[in-house]
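One chain, chain A, links the two complexes that follow: it is found with chain B in the first and with chain C in the second.
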Partner chain A sequence: MTFGIFLQAVGGGLANAAIYALIAVGLTLVFGVMRIINFAHGEFLMIAMYGGYFAWSLLGIDPALAILLVTPLLALTGMLLYSTVIRFALKVPEINQMAVTLGLSLLLQHLALVFFTGDNMLVTQPRATAGVVLGPVVIQVTHLIACGASLLLLGILYLVLKRTDFGLVMRAVAQSRDGAALSGIDISAVYKWAMAVGIGTLGVTGPLLVSILYANPHVGALFTLKAFVIVIVGGLGSFGGVLIGALIVGLAESIAGAWLSASIAAAVPFAILILVLLLRPEGLMNRSLAR
Partner chain B sequence: MSRDLNRRRLMQLAVAASVLPATAAKAADPLKIGVLVPLTGATAADGARLLKAHELAVEEINEAGGIRGLDGAKVELLVADTQSKPEVGRSEAERLISRGGATVLMGAWTSAVTIPSMQVAERYRTPYIVTSAVTDSITEQKLQFVFRISPKGSWAAKDVIDFIDFLRKKGTTIDKVALAYEDGPFGQTVSKGYKAGLPAKGIAIVAEETFRTGSPDLSTQAAKLKASAADLLLIVSYVDDESVLLRALAAQQYKPLMLGYGGGHVHPTLLKLGPLVEGAFGVVEWMEDVKKPASEAFVTAYKAAYGDAPLSNAAQAYAATWVAALAADAAASRDPLKIRDALRKIKLSSGPASLLPNDTLAFDENGQNIVGNVMSQVIDGQFVTVWPEAVASKPVKLPH
Partner chain C sequence: MSGFRTVLCVGGLVVASFLLALSDRYYMDVFILTCFYGTLAVSWNLMAGLTGLMSLGHALFVGIGAYSVAWGASAQGWPPLVTWPLGVAIAVAAAAIIGMLCFRYGLRGYFFAIATLAFNEVAFFSVSASVALGRSDGLILPTSSEDSLLMLQFFDKWPYGLIIGVILIATLAIGQHLLTSRTGYYWRALRDNEEAAEALGVNARAYKLRCFMLSAGISAFCGAFYANYVAFVDPRSVLGIDLSIQMLVYSIIGGMSLLWGPLLGAVLLVPFSVMLRNISAIQGGEIIAYAVLLIVLALVLPQGIAGWLTARWRRRSAVSRPEGFAAPERSA
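Presenting the complex of A and B:
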């Protein structure tokens, strides 16, 4: 592996890391606030990708602009999900909760198969094949846009969580649900908003990803597992953890792919997961469980 | 549900037949052919196409009066969804044979699903016709009940090398070749053929990049391929990854000659990439414009029934279904062993099953059909057969 290829791998890995981080942040937010693991997370990404595709093919809107359309739709979907399914799932044992979201994941995949068929839908734009040259590294324009948008949104989310009352309320509920309830916070409203934001972030990633990849019923599943690895490595519920986790997974995967073979590179995120679970099971950014 | 109804009806017929005089006419029991296709999961799009082809063949067989050797028995297709997963393929194969009563099985698209399901059929001593999988070892294990319509993956190398010679004679420079393939059994088997055959012809393989099926980012692989400065890029992958790879290569401003493999390349999705894929070659088992009467009849019937054009995998599925019915006809029996023996002897040079580009469809002592490939090229946004010149519908378009 030459130095140029190494830099290319680092560049690609960083771009991927930003995208993975944006996908994973919704998952960790929903878990942090509601303590529910949403196995259907990838399927909402898939819905957002189809949204981005149809905005382009039926309405002629550039997918990057379609974010403005798809994000509110996804946020609404998150709220709807809460009111119809998750609200009841919170009252049952954790195993049942997992079964509910797992079932939802399968349902959404198969509904997509029925409505859209299994064929890949591609967004073809001139910039889909353009590359930005930075020395020995070439980053595809679509990747750059996705990376930039991800970082922007992550920054906005951070500010919202740390600097606004809305964020404060959410962090309070994440810290102690009963304590927050006793302080007069409307828990179910916070839950609804947590789902809106958690699923809504996918509304940004979806249209950006569909320019890079393609839309089909199982495309969400490509990312669900990786998002889980990132969230667990970084620490369930931790925003900073998502950033660290995504950075580690994205870079490790990319460099391993350049240095070794694709099969080994695919195993690297899981090897990291195993290491973290053995040495620091609460995740890298969560306070140590050993008190 | 319908299986239980069929069984009940069979029981009723059996009872009725036993009390009626032997000369009374009765409806002949259907010949049950089990078909394993991925209707859901990662390869669902291909599964839907395969099923359409199987169903078209069954419709034609039944409308022509069923299987003459079995007193006009109709063919009944038992469809099982493999969900694109090997373990489901295996359990569905078992279900079709032991509970469904299938006497012949066929399927199952990817090598990864075909291999375990064919092993089940072998264990149950039921013939299994492999429609599409190209992993060489499928017909190299001395299995007694496995037959394959599709060619071996490593044979593509021979056709590709002949085609490279053909291009070189026309003045194209091809001294350095790079390989980009998916790291599963499909990619490995085809690339093994390339790696064995190309150096022997003085063509250097300057790069070899693997990737997982379903990778969202192939930019590092694209960079390494560009660094190799190969004249020709041989791609072996499924269509999802090919779109990602071609875009990454374009971003790198690397435009080698490209040659993809099989149904994963000659696929309508790829044409959506437009100028990116213009001029790209593909080595494929069958093309819509192959000049054979059985092929033309198939294309017409498929388009009339379904509206869109059939792909190579549809042609193979169609041929396999007809072969199963013709074997049962020749054996005049529903016994899996007798059908297997008939499959060993079958030789078809005409009729609906002869649509593939070989003179005779027959299985050798390892159950392998000896069939070659044709070369397609994307010309003006359409896949066109350009080689061998005998079956080409347009001359090859050379780069400047």
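Presenting the complex of A and C:
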């Protein structure tokens, strides 16, 4: 591997890392607040990707603008999901919770297969093939847009969580459910909003991702697994941890892909996860969302 | 109802359905698949339902068993007599290593599940990259035109049915034996409250490890059977996460608190999905149906169908015995 290819791999890895971080932050927010792991997280990303695709193919809306349409829809879906399924799942044992979200993941994948068929769908615009040259590194414009939007949204989310009353309430519930309830916080409403934000953020990623990566019914599973890895590597429920985890996973995967084969690159995030679970199971950044 | 009587009843039903399935190749195929998934789910549930360890990477052990047989037969010409024990031994060793690593740091619940999933995925992608193991294309087992008992190759399906039926009954018998032994009580104590059990002197790590190894060994046995039955293995079918999820689905729907609960789940769902696959025009219709069933049952019937049935049965027998002193025995 020449140095030029290495730099290219690093550039691509960084761009991926920003996108991964935005996907993972929703998962970790829901876990931090509700202590439930949503195995169907990636399936909502898949839905958002289809949303972006159909907005482009049927209505001719640019994916970057389709965000404004898809994000509220996904946030609403998150709320609906909370009040129809997750609300009840909080009352059953952990293993049943897992079964519920795994079932949801299967259900959404196969419903997508029925409604959208198994064909790969990709938004192809003129700018999809354009690249920005930064020295020896070429980064696609679509990648750059997705990366920039992810960083922007991560920044906004951080500020919201740290500076607003809304964020304060979220953090209070993450810290102590009962304490928050005793202070007069409506736990159920907070949960609903956590789901809305956690899934709503995917509404930004999805439309931007569909001009980089094709959408198909099973594309979400891949991202669910990656998001798990990132979230656990960084420390479940930690905002800064998501950034670190995404950086590690994005870079390692991209460098392994350039250096070894694609199959090995796919195994790399999991190998990292195993290492982290064994050496530091609380995650690299053990500062939870609550603090 | 004492535990061993339950196993006898279930075993009798297995034998009866085997005899019924002898009439038709198609029925025999359904019988074999049901027993295969049933055994896997029962072995998965030895960990999940009885010891409280949720594995999402159990396909790894099925894959180890299946690939040992397929690689042994296609590359080395080894008979199943060699490759089956080899596969089981590798799987048990793998479970021992993974278990030691995970339990050392006390990974539990979601963390244990995702750690096992990660090991599974590493194996999946490594096999997909390995030329010796046929990459993503898989391995085809060599076949001859003659039936051969030594290579476990038969034209008829019934010998396979016999083998998997025996494996299923043996699994149930082993499970029942362990449950009524000290080990089984330790397992359930660990499931219900690990700290309390440890405080009373149960060596949590050793007993969890034992359970993991047993469960992995049975899964590898099933995997080895699968390789000989289908005569083809590929990463998707024996190492894919779908297989692990299936074990969870059958266990949750059947009932995790009972040894035979997962088998009930498989008996209800496997023939159902084979049937739906044949009549339904919608692709994946059977998966949609059982995903909905899974969500609903996991929410409204956490004990599963078997748990619900036994609870009802106990209540009825309690009412019919007004003396009240004969408290219904706990069946596993």
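As a convention for this text, the second predicted complex is superposed on the first by the 286 of 291 C-alpha atoms of A that agree within 3 Å, B and C clash if a C-alpha of one lies under 4 Å from a C-alpha of the other, contacts with A are read in each partner's own complex, and residues count from 1 in each chain.
Criterion: a residue touches a chain if its C-beta (ideal position, glycine included) is under 8 Å from a C-beta of that chain, and two chains touch if they have at least 3 such contacts.
Remember, predicted model here, so these are calculated numbers, not experimental data.
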Consider chain A as the common anchor and indicate whether chain B and chain C clash or fit when overlaid. clash
Just to be sure I read the superposition right, which of the two partners does A:94 touch: chain B = first, chain C = second, or both, or neither? second
Partner chain in contact with A:258 - chain B first, chain C second, else both or neither: first
Is A:266 touching anything from chain B or chain C once the two structures are fitted on A? First, second, both or neither. both
Which partner does A:2 reach: the first (chain B), the second (chain C), both, or neither? first
So in the superposed three-chain picture, is A:130 touching just chain B, just chain C, both, or none of them (first/second/both/neither)? first
Check the residue A:277 against both partner chains and state whether it touches chain B (first), chain C (second), both, or neither. second
If you stack the two complexes on chain A, which partner ends up touching A:187: first (chain B), second (chain C), both, or neither? neither
Touch test for A:119: chain B only (first), chain C only (second), both, or neither? first
With the two structures laid over each other on chain A, which partner does A:79 touch: chain B (first), chain C (second), both, or neither? neither
Can you tell me which of the listed chain B stretches (9-17, 45-53, 81-89 or 333-341) runs into chain C once everything is aligned on A? 81-89
I'd like to check the shared interface: which positions of chain A are touched by both chain B and chain C across the two complexes? 110, 113, 261, 263, 266
Chain A-facing residues of chain C, complex: 48, 54, 101-102, 104-107, 109-111, 113-115, 117-119, 121-122, 124-126, 128-129, 135, 241, 245, 248-249, 252, 256, 282-285, 287-288, 290-292, 294-295, 298-299, 302
Considering the complex alone, what residue numbers of chain A touch chain B? 2, 4-5, 8-9, 12, 15-16, 109-110, 113, 117-120, 122, 124, 128-131, 138-141, 143, 209, 212-214, 216-218, 222-223, 254, 257-258, 261-263, 265-266
Which positions of chain A touch chain C when the two form their complex? 37, 85, 88-89, 92-100, 102-104, 106-107, 110-111, 113-114, 221, 225, 228-229, 232, 261, 263-264, 266-267, 270-271, 273-274, 277-278, 281
Enumerate the contact residues on chain B facing chain A in the complex. 40-48, 183, 209-212, 214-217, 219-221, 223-224, 227, 239-240, 243-244, 247-248, 250-253, 268-269, 272-274, 276
